[in-house]
Amino acid sequence: MNYEQARMKFICDEHRCIECFGCAVACSEAHDLPVGISRRKVLTVFEGIEGKEYSTSIACMHCADAPCQKVCPVDCFYIREDGIVLHDKKKCIGCGYCLYACPFGAPQFPKNGAFGTRGVMDKCTLCAGGPEETNSALERQLYGQNRIAEGKVPICAAVCATNALLVGDAEEISAIYRKRVSSRGKGA
Amino acid sequence: MTNHFGDVAGHSKLIFIIGANSAAANPIGMKHFLQARDRNSAQLVVVDPVFTKTAAKADHYLRIRTGTDVAFIYGLLHVIFKNGWEDTDFINARVYGMDDIKAEAGKWTPELTSDVTGIPADKIIQVATLLAKTKPATVVWALGITQHSTGTSNTRILPILQLVLGNMGKNGGGCNIIRGHDNVQGSTDMCCLADSLPGYYGLDEGPWKYFAKSWGVDYEWLKARFAAPEWMTAKGFSLAKWWQGVLQEEKTYSSSPIRALWVQGNGITSMTQTAKVQEALDKLDLLVIADPFVNEAAVITHQKDNIYILPVATQFETEGSVTATNRSAQWRSKVVEPLYESRPDQEVMFAFAKKFGFYDELTKGMKMGVKDRQLTHVKDTFSWPDDASLEIARTIKTIGCDGWTPERLRKHQENWDMFDPGTLLGSGPVAGEYYGLPWPCWDAKHPGSPVLYDIGTAVNEGGMGFRNRFGLEHEGVSQLPDRSVTVKGSRITGGYPEITKENIETVLGIQLSAEEKERMGANWKVDFSGIIQEKCREAGVAPYGNAKARVKVWEFPDPVPLHREPLHSSRPDLVEKYPTYADQKNNFRVAVRFISEQKAQEWVKDFPVMLVTMRVVNLSGAGMLERTSKYLSHITPEMFAHIHPDLAAGKGLRDGDMMWLHSPQGTKIKVKAKFSSTVTPDRIALPYNFAGVMQGVDMSSNYPDETRPYAVGESSNTITNYGFDIITQIPEYNAGLCRIEKA
Amino acid sequence: MMKKYWFVLITSLLAASIASAADSRIWGGMILANILAYGQEHATRLGPLFTTLQAFYFRKIFAGVLLCVPAAFLVHYLVLGQKVFSHDGEKIFVFSVFKRLVHWLAALAFIILIPTGLMMVFGRYLGGGTLVATARHLHGVGTVVFLVAVIPMFLFWVAEMLPTRDDMRWVLMAGGYLSRAKQEIPAGKFNAGQKMWFWMVTLGGSGMIATGAALYLQDFDYGAASLLGLSQIDLLRFCAIVHNFLAMAIIANFITHVYMALFAIKGVISSMITGYKEEEEVRFLHSSFYKKLKGQRQV
């Protein structure tokens, strides 16, 4: 793998995801999130309809052309060289514009401001922390674990029971996904 | 499980899942089924009363009426036999009694089966065709099959299907029964049950004497521990109906009512008839609960006194082996010392034993060992868990735990990465061994048996025939297979009996020395000396024999499984045709109603809706542990029932409304209606993972300070209907009726 | 009426804090529909629209308004200069103490709202963080001040602000501001420009409150979403777009209002301080009103 060009992405294989919530719960646990703030969510579409129902897990997709970054009035987003979209909570004012721009509902707003008002935005960091010193207490407190810095896989993908949630270089995980799709067929 | 998950992922071309929702109950297991689709283009057939998350991944989903599994399988067999699709060679060579099955299957035309099961006839024919044409196929089931008043018949008919198709003893085939909790297989193997000593030895005098010897205690002393000698060999009360021992409403057989209850590591509130459990708890003189989390038994009782909650350590605070669903033993290390004042389970038991004055006897077995082919006292102190594991290894021969020494299991744990997940085969330091030494692991050199009943593999490499368990002949027919069924590398061509001291010389064609004869136990199950195993190894022979599988259990009420309508059936017309058993006088010390309950009234008139219980993925069992997690509780913060909007509309219920569910035995629960298309309008499905609320009364103030879980709720088991299996007495969880009223 | 308004406001604020505990309408069941609909042909396309507007246009338009409107007035001032009316004549009482108080309360609200709003618009040049976040909170406080002012203001002026025949003529001659000549301008007590400003403040202001509250409360269901047939997230996108465009219009008008009061006509601001207007001012700039007063012999 050419690390220079790696672009970190998530793919959730809908034929594998069984709505076990493992990714979402592990994420909340790992980053010590308040209840109700879900950096990662598990969704089921067409529930109960034979042949149509599928489940998927969704979080920040770390878009290359991130709309959140474009609309942020205080320019608190930055995209790392490896494609991970992060933001600076010290700059964020909690306006909510990134939420309106995001196609995936990724930005979350804990009610931790004064008098229970909306605080600054929180979202999936692909377990890569934030702009604070790597693996510092402040980074841990603001952004949760920085597993990427420790050479670990993001916790959601690490715990995925069915290997539905793939994370890594976009090219590589697409290749895995394509291989699955091509070998999956009806009948022997 | 006869096979293992990696085997299914690697070889199965068809996975037939019935009465199992692996996606919710065993997500890791589910992965392997999905991998099989991706790798082998395997097809997934799911049979379930509810469109589960497992069903959502199926290529063929069949919605079955609850409690009609036997009928459905006979429907499949009918099509298979009619078209001559059965594996005749396999049946002739390795199966006894198939003609009776064939005769019964003859009655179950697709049309009749469809009428009884609710599955369209063409679907039955399609799936039967698929099963016949796609090899190897594996059959997967879990509690949806076992937890019925006909549970024993259900669990018998599925292996019969696999025998008919010739899928047994093959990679990618077999019967793969999925365990729902950690180490369920282990606790089953240790027979934490009222009707057997560990290792499925039963309760007869012979096994008691064998265990007395292994434990190094006097048999007479053991016998004297019982109030009356006859209780020693009689089954105890079962987990399902222990409360009758307290309440004695139905006829019970015991010296006195139960007055004290000690619960260690069992969510007794996850059993059916929870209202009766509550009544019984209220009547006890003493309740002792030992659990890492607060067992709801302490919460749902009205008693304020005489309840003792002992904090027991979790798996992370102790060491030892657990057994996985595929019979593999896994060694676990202690991660932290027990927190606060909690102690590991065995420490709690040791403390009690000390108080009661039999600590020495309890721990004596761990100081014994086999020396010079004789069981003898070998040391004055024991170390946990190694000596307990060694005791298991030298004692539990029925399932072949002999090779499970702590050293080997630790080595497997340490070399985890050296095993191939597809075959379980190890390399490097564990070369030639299968991960976790899946039983039977006949001796300290045996690699474990990844696939049961595989005659294409030598016994010493994990192969075997069927066990010779039920004598050598029945009604004049030999129970041993012919020459075609020769286990690879075996000195004996064709079948052979289980090895005993008496027959070993003739069967194996050897001559024993006088010393060997003296030290050898009566048969392979009770031979501490290990001589039988040694001789069998030399001959490439499985100590338990090589026999035919029987599909006819002549000592059971139904020698071949029969369809019997649930006690509370949604089809009274079928009750006439397929009535349940006669009432049972005494099973596990208590009378059990069958026909009298079924015929007491036409239940469906007053209770028109089928009641299906299910597990939600974020909670297990009674949810005792999971509901103390805020994140897990947040997924399902309150008790609910899946209800089809059409059914709800008839009751004036909107999504999110509260409703009362009434059961035939007069109990009721108040739960939230959750609209769902996963159920049809004739049934509702509710999770069994809540507790803490009883019939509308919130009991959660009974939790000791700061131990109340984030979520409490009504237990579905308060309204699961009366009914117990005629053999195992497992409660009927899955086929029942209820009435819905808007709250 | 006002009591009811307050009640609604307070209960909705309370409910919002309670609602935060319950499951979100944005991230709950609706998230699916939102994700699936995003950018789809049949969908509202409000997401991409908002993104484009906010990413490329809003900031530029705000900057344009802030630069162009004052520039235009500067030119006007330099070319045409102030209008001067005699301050020696009779004085006509036009604004009661209550009205003046309410006006200045509204003015205070604007002085809070506009700069703090602009601080958010141009937050990136201020480095974001505490400064801009404080501005955001002040913006919320300013809204409450404005809400207190705008309701009575609406009630006591609405009748006089209804359009009349004069207004069209006033508009056609641009209120006479494009000429140095002193001429009688067709207008009642309030001219068309003032009326426009009034409606901008009351209706536009209400729109600002409504959209702003939606954005501030974010996940609170007050029926608007279902009324408009939008999902909650699309409602927020809609509100953000409306809020920005309205803000531009109001800011432009606010600047105009300030220019008129401070520079266009000499000393005209005193009417909002003392309550009295110069007779000559009224005679020329509010000629219809003056004639009416004369007819009633009040001057």
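List of remarks:
By written order: A, B and C. Residues from 1 in each chain.
The rule is simple: a residue touches a chain if its C-beta (ideal position, glycine included) is under 8 Å from a C-beta of that chain, and two chains touch if they have at least 3 such contacts.
Quantities reported herein were computed from a predicted structural model and do not represent experimental measurements.
The set of chains touching chain A and also touching chain B is empty. Chain centres defined as mean CA positions place A nearest to the mean of all protein CA atoms.
Chain A and chain C have centres, each the mean of its CA atoms, that are 40 Å apart. Taking each chain's centre as the average of its CA atoms, chain B and chain C sit 72 Å apart. Those residues of chain A in touch with two or more other chains are numbered 36. Contact residues of chain A toward chain C in the complex are 36, 38, 41, 43, 45, 58, 67, 70-76, 88, 90-97, 99-101, 103-105, 108-109, 111, 114, 116-118, 120. Only residues 17, 20-21, 23-24, 26-27, 31-32, 34-36, 38-39, 47, 50-51, 54-55, 59, 120-124, 126-129, 132-133, 135-137, 215-216, 218, 233, 236-237, 240 of chain C touch chain A when the two sit together in their complex. Within the complex, the chain A residues that touch chain B are 15-16, 18-22, 24-25, 28-29, 35-36, 44, 47-50, 53-55, 161-163, 180, 183-188. Interface residues of chain B facing chain A in the complex, by the touch rule stated above, are 13-14, 23-24, 27-28, 30-31, 34-35, 37-43, 51, 53-57, 59, 61, 134, 617-618, 629-632, 634-635, 676-679.
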